[in-house]
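Common to both upcoming complexes is subunit A, partnered first by subunit B, then by subunit C.
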Partner chain A sequence: MTQWQIIVAGLVTLGLYTYLWKDNPIYRTIEHAFVGFYTAYAVAMVYHNQVKPAVLNDLIRDGEAIVLIPLILGAMIYLRYLPQLSWVSRYPMSFWLGYGAGFVISYQIQPLIQQIRASFIPINSVNSFLIVVGILTTLMYFFFTWTVKDPVTHYGSKIGRYFIIVALGATFGNTVIFRVGLLMGRMQFLLFDLLRIGN
Partner chain B sequence: MRKQGPMIICTLAGLILIFSRYFQVGRDLGMLTTWDRWFMLSSGMAIGVGAINLTILHAKNVMRRTQYWQSSVILLVCMYGYMALAIHQTTGAGIPLWIFQSFMVTANSTLFSMVVFFIFSAAFRAFRIRSREAALLGLVAIITMFGVAPIGDALIPGWSGLKDWLLDVPNMAGFRGIQIGAYLGAFATAIRILLGLERAHMGGGGR
Partner chain C sequence: MTFWRKFLNMDRRIMWGAMFLIVAAVLLRPIGLPMQIGSTTEKFYDFVEDIPRGSIVWVEAGFGAGNLPEVGPQIRTFLIQAYRRDLRLIMSSTGVEGSQLGQEMFEDIKSQFFPDLEYGVDFLNVGYRPGTMIYARALADDVMSATGGVDIFGRSLADFPLASEVPRLHGDYVAVLAHFVGHDPPPDEWFAAVGQPGNIPIISGTPQMAVPQFIPFLEAGIIKANIPGMRGAAEYESLVGVLGSATAGQDVTSSMVLFITILVIMANVGYILTRKDTSS
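And now, the complex of A and B:
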């Protein structure tokens, strides 16, 4: 980064941290600018990576008229802003949803089977026993189809809850550590790059 | 036309993908690649809906002079200014790249890092030992945090081993159960969508 970029980045960092004191105009300004920039960035990325090549290369240069179908389908979503024609926006939405459903059935079978296969392990240690019991009882916890009254599933789901809590606790711990890492990164930037202290 | 048409499109979109994938239907025509590309292109175009919704919301704020309407002006100026520059040039060079590197990346990581303060305050409230479940959650989180950070092993040798065991055995068992449950739920929902039993997406598009 250039010197000016470092100064801007430093001001942005300090400005956002002012929120830790309380909500203030500096924080709101940077936050709103951030949302605006990122939205524009996403639009520009789609334009340069998807729309422009499809129109300039495929449609105009190569004469592939079929590319008009997804372009028109995508454009149909904007008819939701016209009350008389808003129903047309159901077409692209349905296409995306149908594609998503097909994608799940086509591509997500493999990871599911991998997970199930990995669960069939020989029970020859305390750890492998705990893994098998943990998986089975966690699945029992997610059994909502009808009310379960048999003692195995009833108590199994209670044990499963503890395995889920362990998983969530570990996720929470990892999340906190990741965020602390980011915080340290910002502090290092402020000290080493902006203020040039200690490096 | 208004309801049957979209439902037919929905089922066809899914079935074509499934048949292309499993039975290689239309392989010579590059059906799978075409279908993927159509999805990417059409869904990518929907990004503008977000920009339009933001514009409507913040333009209303400005016109009605609601509280903090000045922030809405800043958002609109930044959004359309950056959009004009990035579409005219590219996002990978010039002023758009300068803003991306100095402002957007910085603000992104700073906002993420700020969450840690709120997580700590939330954790303090959540982990006050009211029940066995809360105690277990807090204990596992503490073991994981101290296990990942070097201070854990420095204070108590072997601490990271405990963390590794927790992650490799009970955590993995719990997560695998959650994942298998999530996959099964996703399949059930996908089948309901393809059969036309799930129609929530048809609700918001007109009368």
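And now, the complex of A and C:
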């Protein structure tokens, strides 16, 4: 990064952190600029990496007319902005959903089966015992087909709730550490690159 | 107002300020807390060490700037370990920013450690493509067609020797798929589209937030090894012997975890004590 880029990035970082004090115009301006820049970046990336090779290479150079089908389907989605023709945009959307559903059903079963198979483990340690009990009781918690009256499923679902709470707690803890990592990354930049203190 | 009531009603900006001060202080004056290498990271390191020299590894750089402090050191250290073992890497990205960030990391590694590396021979970046699972499946059928036949710079893949060695993403041509992502997508999509049908083992690096999401896949053998978050990145840096930003951040993470734990305990104690006061 050049010195100017470092200064701009530093000011933008500090500007965003002003939100921690309270909402303010500096934060708002930077936030909107970020959304704008990111959208422009994403559009440019998709154009250069996906659309341009498909149109210039496949369609024009190699004469692959089949590329026209996804291009037309893609263009049809934008017709939703024209009220009189917005119904046309449903066709590519339905094609997309149908293709996605079929694709997922064809390929996603294998990882699911592998995960189910991995849960059939011998109970020879505290960990394996907890895994088996956790899976069974959590499944019991999500059993809504009819009212459960037998004691095994009734108390099992209660235990399952505690397993879910522990899992959510672990996820929350990991999220906190992840956010700390983000703060640390920015602080490293501010201290070492912008202010050139330490390191 | 009692101490506990004042504590519970504390202006949150005091907490933010304390967090900033702790992070800055520990970064400037590291404590040097001891670090034990976790078995998960060690498994990842050993897995890469066992890849035959000269093999081609497909690297999915599906992360972004938001995950860079955690996934950045992981992928950077992976590049160093891979090139020490003379592996050759092809990088793809299903995250908008991943391809460019990955390219910058390669340039950085090249200039710092391996000046003899040659783009197109030791490393190839096929750029960003949307549609994770569908793209992965297309790569398994035909790399040229899936990538539009061009690299990140728009140059023809036919000009690069590395591309000609991998006509499709399959175990016959690629030894391992190294999957570095943010929290999404989980590795089951790559496993379903490429790993399982193409018989390619998958290893991964994830931010801390995604660790609970990835552990079931690790337990089920869908991924063979994983680097978990910043902590894992620091352990990995230590194993490879290249100390970087993750190692520097370990003290910060530990200090912040301690600080947050103290706050949580104090808040709970305060809540219990003040609840008694209110009820009486």
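Heads up, the rule we're going with is that the second predicted complex is superposed on the first by the 199 of 199 C-alpha atoms of A that agree within 3 Å, B and C clash if a C-alpha of one lies under 4 Å from a C-alpha of the other, contacts with A are read in each partner's own complex, and residues count from 1 in each chain.
Heads up, the rule we're going with is that a residue touches a chain if its C-beta (ideal position, glycine included) is under 8 Å from a C-beta of that chain, and two chains touch if they have at least 3 such contacts.
Here the structure is a predicted model, which is why all the values come from computation and not from measurement.
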One more residue to check, A:Ala54. First (subunit B), second (subunit C), both or neither?
both
Does the superposition put A:Phe103 against subunit B (first), subunit C (second), both, or neither?
both
For A:Leu130, decide between first (touching subunit B), second (touching subunit C), both and neither.
first
Regarding the shared-chain residue A:Pro111, is it in contact with subunit B (first), subunit C (second), both, or neither?
both
Comparing subunit B and subunit C in the superposed model, the one touching more of subunit A is B
For A:Tyr78, using the defined touch cut-off, is the partner it touches subunit B, subunit C, both, or neither? Pick first, second, both or neither.
first
Could you say whether A:Asn174 touches subunit B, subunit C, both of them, or neither, answering first, second, both or neither?
both
Using the superposition described at the top, list the residues of subunit A that contact subunit B and also contact subunit C.
20, 41-42, 45-46, 48-50, 54, 103-104, 107-108, 111-112, 115, 118, 131, 167, 170, 174-177, 180, 182-183, 185
List the residues on subunit A that touch subunit C in their complex, please.
20-21, 41-42, 45-46, 48-50, 52-54, 57-58, 103-104, 107-108, 110-112, 114-115, 117-118, 131, 167, 170-171, 174-178, 180-185, 187-188, 191, 197-198
Contact footprint of subunit A on subunit B as seen in their complex:
2-3, 5-7, 9-18, 21-22, 34-35, 37-52, 54, 68, 70-72, 74-83, 86-87, 90-91, 96, 98-104, 106-117, 119-120, 123, 133, 136-145, 148-149, 165-181, 183-184, 186-187, 189-191, 193-194, 201-202, 204-207
Interface with subunit B, subunit A side, in the complex: residues 1, 4-6, 8-9, 12-13, 16-17, 19-20, 25, 28-51, 54, 66-67, 69-71, 73-75, 77-78, 80-81, 83, 85-108, 111-112, 115-116, 118-119, 127, 130-139, 141-142, 160-170, 172-177, 179-180, 182-183, 185-186, 189
The residues of subunit C that touch subunit A in their complex are 13, 16, 19-20, 23-24, 27-28, 66, 68-70, 96-97, 99, 127-130, 133-134, 137, 147-150, 152, 154, 188-189, 191-193, 196, 207-212, 216-217, 219-222, 229-231, 245, 248-249, 252-253, 256-257, 260
